[in-house]
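Chain IDs A, B and C follow the sequence of writing; residue 1 opens each chain.
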Amino acid sequence: MTPTSPASSFLRVEQLSKHFDEVKAVDEVSLDIQQGEIFALLGGSGCGKSTLLRMLAGFESPTSGQIHLAGQSIGDMPPFERPINMMFQSYALFPHMTVAQNIAFGLECDQLPPSDIDARVQEMLTLVQLKPYAKRKPHQLSGGQQQRVALARSLAKRPRLLLLDEPLGALDKKLREQTQIELVNILKKVGVTCVMVTHDQEEAMAMADRIAIMRDGKILQLGAPMDIYETPSSRYVADFIGNVNLFAGKVVVDEADHVIIETPQCRHYVSHGITGTENMEVSVAVRPEKICLSPAEPTEQERELPAEVGHNQVKGRIVGLAYFGSFTTYHVQIDDRTTLKATLANAARHEDRRLSVGDDVWAWWDGSDVVVLTH
Amino acid sequence: MKPSLWGKRLSITWMLAIYFFLYLPIATLVAYSFNDSKMVTLWGGFTWRWYAELWNDRDIMEAFKLSLQIALISATLSVVLGTLAALALVRYPLFQGRALFSSMVNAPLVMPDVIVGLSLLLMLVAIQKTFGVPERGMMTIIMGHSLLGMAYATVVVRSRLLEMDKSLEEAALDLGAKPLRVFRRITLPIIAQALLSAWLLTFTISLDDVVITAFLSGPGSNTLPIVIFSRAKLGLNPMVNVVATLTVVVVGGALLLSSLWMARQERQRARDMALAWKLETT
Amino acid sequence: MQAPSSHASPPDQGRRQPWGRWSLIGIPYLWLVVFFMLPCLIVFKISMSELADSGIGFLDMVSLQDGVWQLRLKFSNYTFLLTDSLYLLTYLSSIGYALLTTCICLLLGYPFAYFLARSSASLRPLLMMLVMLPFWTSFLLRIYAWAGLLDNNGLINQLLMSFGLVTEPVLMMHTPFSLEIGMVYVYLPFMVLPLYANLVKMDLRLLEAAADLGAKPWTIFRRVTIPLSTNGILAGSMLVFIPCVGEYVIPALLGGADTLNIGRVLWDEFFNNNDWAMASSVAIVMMLLILGPMTWFNRIQANEHTKASP
């Protein structure tokens, strides 16, 4: 986890909770968010991320806890007093107003002089490249254009904090990929601090500087995308982000620089020490793309360390495969209960030795590519 | 699922039959208003004379003026109260006494008019005994009509509010608008059409009311329905036919115009959305 | 674990601006309490009050006489109502007419609403407008129209005689027949509209799924469409039945001496006999009769609205 000094945190959430009768939607969550950072709250439905966002916006009042923005406590402020703006999942564009009027609305509420309002509206239209559409009404725009209007409207007042509620949820896949990059570019250009909520892990990983994984109202893990992906702190997180193969077993050798774990499928040689003891129950997590497949058992030359020979490998049969164009996922059955998932890039167009269903293969990986999880 | 041929025939026949049933009386009303005979239903030739006599019928003209005034005021009052009630019910799903509130709002919709009229009158008399006011007359009729109208207005406005995207109001708050401004600049324009429908509906109901008016009216406050009712009780009367025809023409014309206007709006909207879709896919 | 959706409630303003919320709820609430609840209570009180000796006004229900609190409740109105065979018959007759009207409206109106909902989308606004036109035209005038049609010299009798089907005019006015026709005529739109609203929102894919599973059209109608439209049927039935029980104008214009209606009785007691106490008792008993259906109606409305809002 990237260390942050409390003094520099821009948005600070302290022990924030929200209870609905018996249900704890948000359970004593604490966060420190840096200025200019894009922060993602990621989780399945019901995990509390939307409720947390709405508390930041002011649409829910916390049951307990504090929210500080740039040192100012805002937990009690109504939404129209907070220097925070939100981009809604449904865009919430005012249907009876034009694009320009939508963008101008917030500025009019601040009672700025009309010339200033006009100038700012033009500025925002240029930012999202919608200048020719200023006089259109929302229903005359495409989905992607509506999204840009929503963004322009939420940035018009130069908010200190921008909240994004499933910003790309309504777009189709092709548009989504393109918009992700554009959106991040605009946000970084403007330099606004962002908190976004999403259930789409790819979106979070692609856009955010840091991610918080939420479940049942609590934060399970917080960190940069790569940290969370490569170093998940629990089985749930490992399984939630991307795909993972989990082996459950016991530590049989516990040394400072390496650990050997015995699981029913194979012996694992982990080339780093762990905080734990011998005989401890652990899980070994291996990501599918870290696994190599070959018809023959791996030789000593192919392994990373000599000590790994005989470890970190299993024999199995391919029982299924899914071809995704740029890569293929293979399902390798190891024993009655275990099927391994391995992902291989289709690096060459034609491969004589392409694997197919029914083949017997060896699956193996490096000891430095695994994560040992204790819970 | 396409209906079968027999299904289509049945549906057309049935609908025509019902429409015939609905319009036959109205057609006869209109036809007899041109009947040159005091015996309304025995045809004596075509004439405009009943229409001419209408202008001289003081009772009807005075009553019409009064009905119009009452309807204008009670419709407006109904819509205001109904909108408040609808907002309360939709935006605050939980508050003390909500169940009671909800049933009180809905009750006048179904309660027989005689009960509403009687109860209102008795209450007004009780107030009159204590405070000396109000006298039975235009004011009391307006109160009664507004109670009834409020029930209808709440239904109309409430269903529109439920359809409305809730995040629109939240977005406005988020952008810095205080609740009153949110209502004025966002909610109100969006539900405006429903408010108009509610107004027209309660206007019609007020204009048409007999029973409640009878209970709540005083000497000299005869509304048009009361005059028509007394005459109708005595027998058939060509004046009534004239009033009926004029009503049908006005109502029919208004409905036709509004239908055409709404159809045009729809077509325009569909065109806009098709254009937008084309832009997105090219 | 799903937190209840908070989108239905407004931003939590209660603590910060209570006056806004209270006036929004308070104004209509107060109006209803004053103009609805209070009148109901007063009707109840008067139904049990004794006439003052002077014949004008009522004696106080609770009073202090000779240092002793006196409570005067007169139940004789109620006992009379419940024991007098004419009153009992009138109540039953009113309920009977209401039930008959509801059934006929349902039988005529359901297919109509169904066909209307299934008609082509471009035609529907016009068809709806044609249904609404009679609805918006004064109901008093439309009942009067039937008085003209059913009159001994009216159109129907003229046609019957000119085709030689009868030699004398058929007596149709001021009979149960004329009353019932008037009731159905006025209340048919009240049945059609909720039914239509329900049927038009029905998910046609459910019907397609049933057909896909092999069901014939009549079976689909019986086992899918009708059950799904139950709410519409109930709402329409309540909208017809409840007001029908206490209907006054239609019986007054189209009914006769042998058509007993409790609405007319209430009117006569009040306007002709000047017996306010009796009229109130009649009203209270009428209320009790329709209390059940009214609660049912309320519950249906509440269900519809909880379904609509997330």
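To be clear about the criterion, a contact is a pair of C-beta atoms (placed from the backbone, for glycine too) under 8 Å apart; a residue touches a chain by one contact, two chains touch by 3 or more.
In this text, all values refer to a predicted model and were calculated from it rather than measured experimentally.
Asks: Based on the averaged CA atom positions, which chain is farthest from subunit B?
Replies: A
Asks: Tell me, please, which two chains come out on top when C-beta pairs in contact are counted per chain pair.
Replies: After counting contacts between each pair of chains, the winner is B-C.
Asks: If you average the CA atoms of subunit A and of subunit B, how many Å lie between those two points?
Replies: From the centre of subunit A to the centre of subunit B is 55 Å.
Asks: Which whole number of Å gives the spacing of the CA centres of subunit B and subunit C?
Replies: Each chain's C-alpha centroid was found; their separation is 16 Å.
Asks: Residues touching two or more other chains, restricted to subunit A: which are they?
Replies: Counting only residues that touch two or more other chains, subunit A contributes 58-59, 78-79.
Asks: Which subunit B residues reach two or more other chains?
Replies: 167, 170, 173, in rising order.
Asks: I need the residues of subunit C touching at least two other chains; which ones are they?
Replies: Each of 11, 13, 17 in subunit C touches at least two other chains.
Asks: Under the definition above, what is the set of subunit B residues touching subunit C in their complex?
Replies: Going through subunit B, the ones touching subunit C are 1, 3-4, 7, 11, 14-15, 18-19, 21-26, 28-29, 32, 39-42, 81-82, 84-85, 87-95, 97, 101-115, 118-120, 122-123, 126, 129, 143, 146-147, 150, 158-159, 162-163, 166-167, 169-170, 173, 179-180, 204, 207-208, 210-211, 214-215, 225, 228-229, 232-233, 236, 240-241, 243-244, 247-248, 251-252, 255-256, 259, 262-263.
Asks: Going by the contact rule set out above, which residues of subunit A touch subunit B in the complex?
Replies: Those residues of subunit A that touch subunit B are 57-59, 78-81, 84-86, 88-90, 92, 94-96, 105-106, 109-110, 137, 139-145, 153, 157.
Asks: What residues on subunit C touch subunit B, complex-wise?
Replies: My answer: residues 7-11, 13, 17, 20-21, 24-25, 27-29, 31-33, 35-40, 42-43, 46, 57, 108, 111-112, 114-116, 118-119, 125-127, 129-134, 136-149, 151, 153-155, 158, 185, 188, 204, 207-208, 211, 217, 238-239, 242-243, 245-249, 252-253, 263, 266-267, 270-271, 276, 279-280, 283, 286-287, 290, 293-295, 297-298, 301-302, 305, 308-309.
Asks: Help me check something: in the complex, which residues belonging to subunit B touch subunit A?
Replies: Residues of subunit B touching subunit A: 165, 167-168, 170-178, 181, 185-186, 189-190, 269, 272-273, 275-277, 279-280.
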